[in-house]
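Consider the two complexes below, in which subunit A is the common component and subunit B and subunit C are the respective partners.
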Partner chain A sequence: MGFEVLLKGSNMIRLLGGLLVALRISLVSVCISIILGTVLGVAMTFKSPVVRGVLRVYLEIVRIMPQMVLLFLVYFGATKAMGINLSAEAASVIVFTFWGTAEMSDLVRGALKGIPKIQYESSVALGLSNVQTYAYVIVPQIIRRMIPLSINLITRMIKTTSLVMMIGIVEVLKVGQQIIEANRKSSPNAAFGVFLTIFGLYFIACWPISRLSKHLEKKWSA
Partner chain B sequence: MDFEVITSYLPRYEKAFFLTIRIGWLGILLSFAIGILSAFLIHFRVPILSKIMDVYVEVFRNTPLLVQLFFIYFGLPKAGISVSAESCGIVGLGLLGGSYMSEAIRSGLDSIPRMQTESAVALGLTKPQVFFSVIFPQALTLSAPAVIANVIFLLKETSVFSAISLMDLMFTAKDLIGLYYNTTEALFLLVVFYIVMLLPVSVLGSVIEKKARFRMLGD
Partner chain C sequence: MGEILNIKGISKRFDDLTVFKNISMKVAAGEVVVIVGPSGCGKSTFLRCLNALEAIDDGEISLDGETIGSDSKNLNKIREKIGMVFQSYDLFPHKTVLQNLTLAPVKVKKADRKEAEKEALALLDRVGLLSKKDNYPRQLSGGQKQRVAIIRALMMHPEILLLDEITAALDPEMVREVLDVVLSLAKEGRTMIIVTHEMQFARAVADRMVFMDGGKIIEEGSPEDFFEKPKTDRLKKFLHSFTYEK
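So, the complex of A and B:
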């Protein structure tokens, strides 16, 4: 069925190496997104109409533009428009961060809005200072709500990184194609085995993380 | 930006646009069918079938569409199952979307309190009546926001179809850039057509979401 190709030489190692490229890109993007997203999410609760307007437009762009289009825009567009020669990996980190930050900020905004006003008032009534209110009352609750959702964002990011092969990054799918091409004569059915293996690899990478996210969500919501 | 170039590209984009829309919405319809069926099976804990659906949902929610398409389009023919690029796109999108829709609808069904079923039975409603006139409409309203988010997500996912050489918007843009190097115009049209495709859905979705919220919570 074409699985034997993977046992030849270093094919399996190469495939895993390709997966690592995808994981690296998503990890870097997630880390930046979480930081920027938190800042933006807090900014969204500001009353200023300008800040709100700009953020609304930003969120709407991310909501309706496929990540693939954004990738093309940054990778081909930036080179053309500004004459910067971005590496494909830099372009993908920029795009995934742009997307992840929007997702994250929306989650943070939702979590902040979910804290009832009465909690702030009670803290004041108890004589807590503003800093104390946030440090002991608000932030711990928000973190509990945010952690499962941020973990979930990681799996979505990993799944999205499969797109980077379309702008020429050699990640797991591309390595798979190369292996299939190289063994076209000796094992013509390699496509089945190789793509099924990649399917499995992605599942193994994402499933435990999404389970963890669900588990934490259940544990902390009670 | 050269408008002559843009007008000369328009017909190709138009064709790609309708192809993308057709495959996208057919895939979404399929995902609704799969999602509702799977949500029912899981919610009612139908023996064996519900377990199979559990596995299906987990597998397809945790793998990227691109990988699923590659497997269906390039892998399956080696096992004797050949599909055209178009049906591969529809089936791929339907299977991916089905797993997301299933989750959305199931969580709606699960969050209707038991008391409602019991009250409906006490009022003398038959089992199908309880489900179709009491539980299901409410569950659908509850899951509306998630379902809408899924529809938008699935329409966006159509952008990976170019990988299995469907002549969709992405493919057209890439092709034109490769042929003529008019990157700015090609990318501009790409963005415009995606806005035309998704903005109405996004706006309509927000309206439906508000209506659904009003129906459930009254605010």
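So, the complex of A and C:
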């Protein structure tokens, strides 16, 4: 079946190392995205048509552009055109953050809009100041709405990291390909076993996260 | 009884639409004023202007001689003195019943948490909800939520309580439990301004009835005169819409 190649040498360790690269890129990107996305999401609720227009365009660009094109654009295009020396992993983090920030900002905007006006009004009617209203009433509710959604974004990012091998990053899928290539003579069927193992690894990485999101969603649903 | 709330010729417009115009009213300490009127007559907006949730365009509102306006610096201080309960959904969904009650006293009045909790538990006991203290709002019925909302307003020791159609979103069988609480507050001498569609309740609780229509006060008076001997045709017609005869 091809599983035996994974037991050769340090193949399994290498595969796990590849998974670690994928997880590192997605987690770093998600962390930055959450911070930037929250700022932009709040900005999206501003009344200024300029701010909203710019953010709208940004969001549409991210939605329309395939992530792979963005990766190529940043790694091959921007680095050459601007003469910046960028590692492939840094380029990936930039692209994933660019994407994640847009997604997060839309989630934050939605969560903010979803808080009924009466929550603000009953807070100020109790004598809470604006800052207190946000700190004790609005933001905690937004966080409860946001966490399950941003966890979903993490799993989507982990899956999408399979694209970064296109700019030369040796992540789990690339390691798998290398193992298959190196053992083409001795184990011609290695592809099935290796890819099935990778499938399993993605599942092990994403499933608990997805369960956690489901659990929190249930726990906090009002 | 001295007057505590003095409303002098206030008006409110939304763009071109005049919601109400030149309304004046004085409310004495311990008085219960009930405002009724057809939907859209401006009574809810009027109530919301009293604690500056909506800004007034003309006139002046003062509580204990202090002017209320959205630009007054001590607006939050004044709002502490004016409790308000809304139609629905105003409990904080991420906090337990007890936390809902103690948030404002602890954060705004800097009250001791232990003291605030003690008071909250006593109030919960009074409205029959002591066993729900650790529940979240979503676990309560509509009537229970509104009872909590009322005592949450009481936790700030307001001088005046504004109730904006607090039973309008409730199932009929839950209206009673909420109105009983309001009735008991009236009996202990709370100053309240109540907007409602429950006519029998209005009659039982009011010291003074006010009928608003088209953004004006059409008629006001004691509950007896108001319901038995209405002077204006508009009030007669309005009251008639609540009676059914074969």
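Definition applied: the second predicted complex is superposed on the first by the 221 of 222 C-alpha atoms of A that agree within 3 Å, B and C clash if a C-alpha of one lies under 4 Å from a C-alpha of the other, contacts with A are read in each partner's own complex, and residues count from 1 in each chain.
One rule holds for everything that comes next: a contact is a pair of C-beta atoms (placed from the backbone, for glycine too) under 8 Å apart; a residue touches a chain by one contact, two chains touch by 3 or more.
Just so it is clear, the model here is predicted, and its values are computed rather than measured.
With the C-alpha superposition on subunit A as described, subunit C and subunit B fit side by side in the combined arrangement.
In the superposed model, A:A191 makes contact with subunit B only, not with subunit C. After overlaying the two complexes on the shared chain, residue contacts for A:A125 are found with subunit C alone; subunit B is out of touch. When subunit B and subunit C are set side by side, the one touching more residues of subunit A is B. By the document's definition of touching, of the two partners only subunit C reaches A:P140; subunit B does not.
Distance between subunit B and subunit C in the overlay is 18 Å (nearest C-alpha pair, rounded to whole angstrom). Shared contact residues of subunit A with subunit B and subunit C: none.
Residues 116, 118-119, 121-129, 132, 136-137, 140-141, 144, 220, 222 of subunit A are the ones that touch subunit C when the two sit in their complex.
Within the complex formed with subunit A, the subunit B residues making contact are 58-59, 61-64, 66-68, 70-71, 74-79, 152, 156-160, 162-163, 170, 173-174, 177, 183-184, 187, 190-191, 194-195, 198-199, 201-202. Those residues of subunit A whose C-beta lies close enough to touch subunit B in the complex are 1-2, 60, 63-69, 72-73, 76-77, 79-81, 155, 159-160, 162-163, 165-166, 173, 176, 180, 188-196, 198-199, 202-203, 206-207, 210. For subunit C in complex with subunit A, the residues that touch the partner chain are 51, 53, 76-77, 79-80, 82-84, 86, 88-94, 103-104, 107-109, 137-138, 149, 152-153, 156.
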